[in-house]
Amino acid sequence: GTLAAGAASAAEGNPANLPPNTPEWAKSLGPGVIEEAYGTRSRHETAVRRYVPWLTQDRQSSVSFTPLAEMHGIITPSGLHFERHHGGVPDVVPADWRLMIHGLVERPLQFTLEDLKRLPSVSRIHFIECPANGGMEWRGAQMSGVQFTHGMLSCSEWTGVPLKALLAQTGLRPNASWLLAEGGDASLMTRSIPLAKALDDVILAYGQNGEAVRPQQGYPVRLVVPGWEGNVWIKWLRRIELGDRPWYHREETRHYTDLMPDGRARKFTFVNEVNSVITAPCPEKPLRGKPGFVEITGLAWSGVGRITRVDVSVDGGDSWRSAQLQEPVLGKALTRFRIPWEWQEGQRAFLQSRAMDETGRVQPTMATLRKARGVESIYHKNAIHTWLVEPDGTVVNVQIDA
Amino acid sequence: QPGGDRAALYRPFPLPQGGGAAGPFAAWPAPPGAAEALPRPIAGIGRPASPQEIAGWDIDVRGDGEGLPPGRGTVKDGEELFVQQCAACHGDFGEGLERWPALIGGRGSLNTDQPRRTIGSYWPYAPPVFDYIRRAMPYATPMTLSNEEVYALTAYVLHLNELLPEDAELDAEKLKAIRMPNREGFVLEARPDTPDEACMSGCRQGRPVTVTMDSRQFVQPGSDSGFSEPQ
Amino acid sequence: GTLAAGAASAAEGNPANLPPNTPEWAKSLGPGVIEEAYGTRSRHETAVRRYVPWLTQDRQSSVSFTPLAEMHGIITPSGLHFERHHGGVPDVVPADWRLMIHGLVERPLQFTLEDLKRLPSVSRIHFIECPANGGMEWRGAQMSGVQFTHGMLSCSEWTGVPLKALLAQTGLRPNASWLLAEGGDASLMTRSIPLAKALDDVILAYGQNGEAVRPQQGYPVRLVVPGWEGNVWIKWLRRIELGDRPWYHREETRHYTDLMPDGRARKFTFVNEVNSVITAPCPEKPLRGKPGFVEITGLAWSGVGRITRVDVSVDGGDSWRSAQLQEPVLGKALTRFRIPWEWQEGQRAFLQSRAMDETGRVQPTMATLRKARGVESIYHKNAIHTWLVEPDGTVVNVQIDA
Amino acid sequence: QPGGDRAALYRPFPLPQGGGAAGPFAAWPAPPGAAEALPRPIAGIGRPASPQEIAGWDIDVRGDGEGLPPGRGTVKDGEELFVQQCAACHGDFGEGLERWPALIGGRGSLNTDQPRRTIGSYWPYAPPVFDYIRRAMPYATPMTLSNEEVYALTAYVLHLNELLPEDAELDAEKLKAIRMPNREGFVLEARPDTPDEACMSGCRQGRPVTVTMDSRQFVQPGSDSGFSEPQ
């Protein structure tokens, strides 16, 4: 018994470190405290953001994807938060950062970062998703894993000042109904936001997962627009102008509008609707060599509130079981779901998840979504996603008849 | 509103009086209760922004042309500037090189299965062309052109799209007057637009599962679709 | 007006980047996506872990502190998580990592990391606190800021396998009542844990804030023992032995016992009791030059459950107001509290916070705590902490008569 | 239990029959419902640990001496090893150099205002001295000593603490038999031990605030107490 076990271990690791031997790291001191005054991850960890070269001409106006298959829980490590820039990442000097608020206000004001940090603050755990997440799948399955089908998605604890606290400083003219938010990057990104949302739950965030917002996410200050498409979460925010109508800028006409089969496009489609995806098993986390118990796990989210239920099917949507939702289930935040399953070598399976939110919205099938919107709307694809498990345990991105 | 209360979650804004009929540039009403939604202001935090300070940053041009600066520029001047500063990416005629975006074409394509969204085919209003060029172009050195130059470039780009004659000169009033081909091409958000069905068993009613699309025709399962090093 | 304003801005930043000028980063492209495939923070951010040289002979058996004054919300960025090692940080090769469970079990087993990740998982947001946190203050105020008075404290989203799921694999002998958990570092750290706790909420965590547990926090696997003193959260876990009594090892006799004035020491004092501290203002975040509105904010926590109330005093405990608690308020997790205040230059103030938990426990004053335990128990100091605000806005760590 | 249900939160373990009177080494009862608390096991995850594999890692020695290996060592051999491998930090006589820990002294100090916790003054049981030296010492090269060497070192350290004569030889039985001076020095967790009071106003009853201790006598407010670079 012992010898056989030894041989098995040797196949998997260095026997010198395995029982009954004392591993080398138990026989010598490692580095002490503040070896890293600001720490990094283990050199053995390799999860990375990835980009897709054929999607964009360059990397300045481009996107990189969160490796969702490697994530645990609901918090996205900031180092792996997906990126979406239109002119690269500006190196904003915090002492030179200013926020200007003007237009239909009583008192046009500017704020330093220090000013912002003195105002009343809130912290909220919210997902952010690019509305083009999964956009490559409208016509059919073409990406190799969950990093690319759903990886323009992250969730952080954001801390900052409610936008309404800033609008209290400037006052509002009675006819103010929309605002323009403008970034300070090379694209001076702009989006129009209805005032009702601004007064509801929008935050000017300087904190992300306990520390300063990362440069790729808008350092020093970005908008957090809970539940709404990532593009309106203006990064490197520099200006807010109040107005009495939307601006119809390039990013809310040419982009981020949803083209329907009749050639007309829907505008102001802000909300990321109820959605979910299984993050394990998935193409990056196949079942090869692991027959038996499988914990199916994934993420669900909705831009209008809490997730109330996630159903999982292993037979392509014929039968469903409701998964367990990890508490705390927070509004407009990722929700982790888990459900046990048995898989045997030689078994083919079609894994799907279907989320529901507190407003009763249910994730549609790809067929239903196509029936409603065709295949050219790019944005807001929230269809039920299918992973094919092959008899050998390989997991494949496929689409099926429903 | 169609869809009732739930639709309001997707369209949290009161529409202009008369809705779409009021035209795209009517004022939109303030949301009810805006003033009361504000907390009390806090003394001593924030500094007045002077008109001059605002002027430097208040560069936006609205869809209706509000915000357009004084100045003018000709298609002809625009052509020269375009060749020097823009054509390397967008092509001499705005046709788009490699995968840099095209600024022309696609008209009539929007309801086909190969829609092409360009200024000529998709942008609903002309003034934002000025706005976008000024704030974001040339791509690597934005905010370096004068307003005159931006007018000229806007004129040339609109000319390439057959929206201005070759000898035209553009200023704020003329830019506002241009009627873009896709001006009527936008409708409001219409979600929720799918049913809320959650069948639990026998949902396929005996139909076997058919794979309609398999990503392996493009890529192997794993991380083949992308890279963590520049390609 | 304009000229004066310009002069004022110049004092604070580079006028070339301030309104009305266009900042340099809006005029040139920044780096594109995956410039950092695994991202780091802004080069302008400087918060760091710090150690106190006189506390320990070397940095291998030592401690470094979380810069709490720089934190936002409740999640601690993993790069700033406090450290406490007894033999430095081992570089555990994940393929060579094994967990052995034996002793009073039915089936002694060993697990690879892969095995662990296949088992049912949970995610929980919990604080971890070294029971020696604030230990330097038993005799009197002697540290210069909240990083040192309370910085052996962090809060993360931990993901891993409930210990009871592993004990289900091995089975339990009927007489098992305690277990020994053993780390794989150079100190082969051991602690005895009562089985009741093990079956309640203990987790073997491989995930921390969405990614792998950091090396300094026990990579690849550490124990998470919610609410209990950090030392029992064994890092670099390698072995769990079930027994029918505690082991009385060095770290549960020589250390982590609480010496009372009569010369006897309390043993098995596991829980970190209800506690709180104001993190701004604090010595690192003085009020100098910032008269007027102040948002007092801080953290509260309890090892037995949820925080239900935090009161704040600015007059050394004469009068108190209840602060706002940031939702979600989670059990055995940090809870952020906030309360507005007005401070005027020339005003002296004594800031204090006092937390209560769902079991009704209330933070004692330092005097009450000393009356119960003297000044030599090192651990589990959870007294109300006092910051003196000087007339010029300097904030000082003091102790007062109560 | 004193303190009722709430005390159980701080002492979540049933005590041995007869409580403290049963002596420190009585078996403790299993918590009620342990077996039922376990979920169902999952087939195929985890590999049997063989007795030989366990033997290599099962190095712990309990307070009562369970787990002590065969073997023996003398104070005399221990002294030689100690001088070579330990004295650089702990001093020739275990007195502790610089701020490396002392292994002797402090007896009678525990109820004074300068308590010193050492093996002689504080450790309640002797076998964990063997356990700790074996698992963690020498500090920079732990787990490199033979069991014989650890017995010898344990013997020497106990001799330094006047708990073994100079000519003694130590083995498992003799180590178990040693009665440490502070054997009776530990009591159970006794919290909650402070009142739950939360006065809201007039709490100081007119007494002005007196500062009893000001950290500025040691350090300036800020981050002076510590460093982010090795000192």
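By letter and in written order, the chains are A, B, C and D; residue numbering begins at 1 in each of them.
What we mean here is this: a residue touches a chain if its C-beta (ideal position, glycine included) is under 8 Å from a C-beta of that chain, and two chains touch if they have at least 3 such contacts.
From a predicted model like this one, the values you see are computed outputs, not experimental measurements.
Interface repeat of C-D: among A-B, B-C or A-D, the matching pair is A-B, sharing over half of the residue-numbered contact pairs.
Counting C-beta pairs in contact across B-C and across A-B gives the higher total for A-B.
The geometric centre of subunit A is 27 Å away from that of subunit C, both derived from CA atoms.
Subunit B and subunit D have Cα centroids lying 68 Å from one another. Centroids built from CA atoms put subunit C at 46 Å from subunit B. Inter-chain centre distance (subunit A to subunit B, centres taken as mean C-alpha positions): 23 Å. Annotation for subunit A: residues touching 2 or more other chains are 18-19, 26-29, 34, 37, 48-51, 59-61, 64, 87, 100, 110, 118-120, 186, 188, 238, 293. Counting only residues that touch two or more partner chains, subunit B has 42, 45, 47-49, 53-54, 57, 139-140, 142-143, 227-228, 230. The touch graph of the protein chains shown belongs to none of the named shapes. Interchain contacts (touch definition given at top) occur between A-B, A-C, A-D, B-C, C-D. Across the complex, subunit B meets subunit A through its residues 6, 9-14, 16, 24-31, 34-35, 37-42, 45-49, 53-54, 57-60, 62-64, 89, 98-100, 110-111, 113, 115, 117, 119, 122-125, 128, 131-132, 135-136, 139-140, 142-143, 185-204, 207, 209-216, 218-228, 230-231. Taken together, the subunit B residues at the contact with subunit C in this complex read 42-45, 47-57, 139-144, 227-230.
The part of subunit C that touches subunit D in the complex is made up of residues 48-53, 56-57, 59-61, 64-65, 86-87, 100-102, 107-111, 115, 118-120, 140-145, 147-148, 164-165, 167-172, 174-178, 180, 182, 186-188, 190, 194-197, 199-200, 238-239, 241, 243-250, 253-254, 257, 259-271, 273, 283-284, 286, 304, 309, 311, 315-320, 350, 354, 356, 359-362, 364, 368-369, 372-373, 375-376, 380, 388, 394-402.
If you check the complex, the residues on subunit A that touch subunit C are 12-14, 17-19, 23, 25-45, 47-51, 58-64, 70-81, 83-85, 87-98, 100, 110, 112, 118-123, 125, 157-159, 184-186, 188, 206-212, 214-216, 219-220, 236, 238, 290, 293-295, 297, 326, 328, 330, 336, 338, 340.
Contact residues of subunit A toward subunit D in the complex are 1-2, 5, 8, 18-22, 26-29, 34, 37, 291-293.
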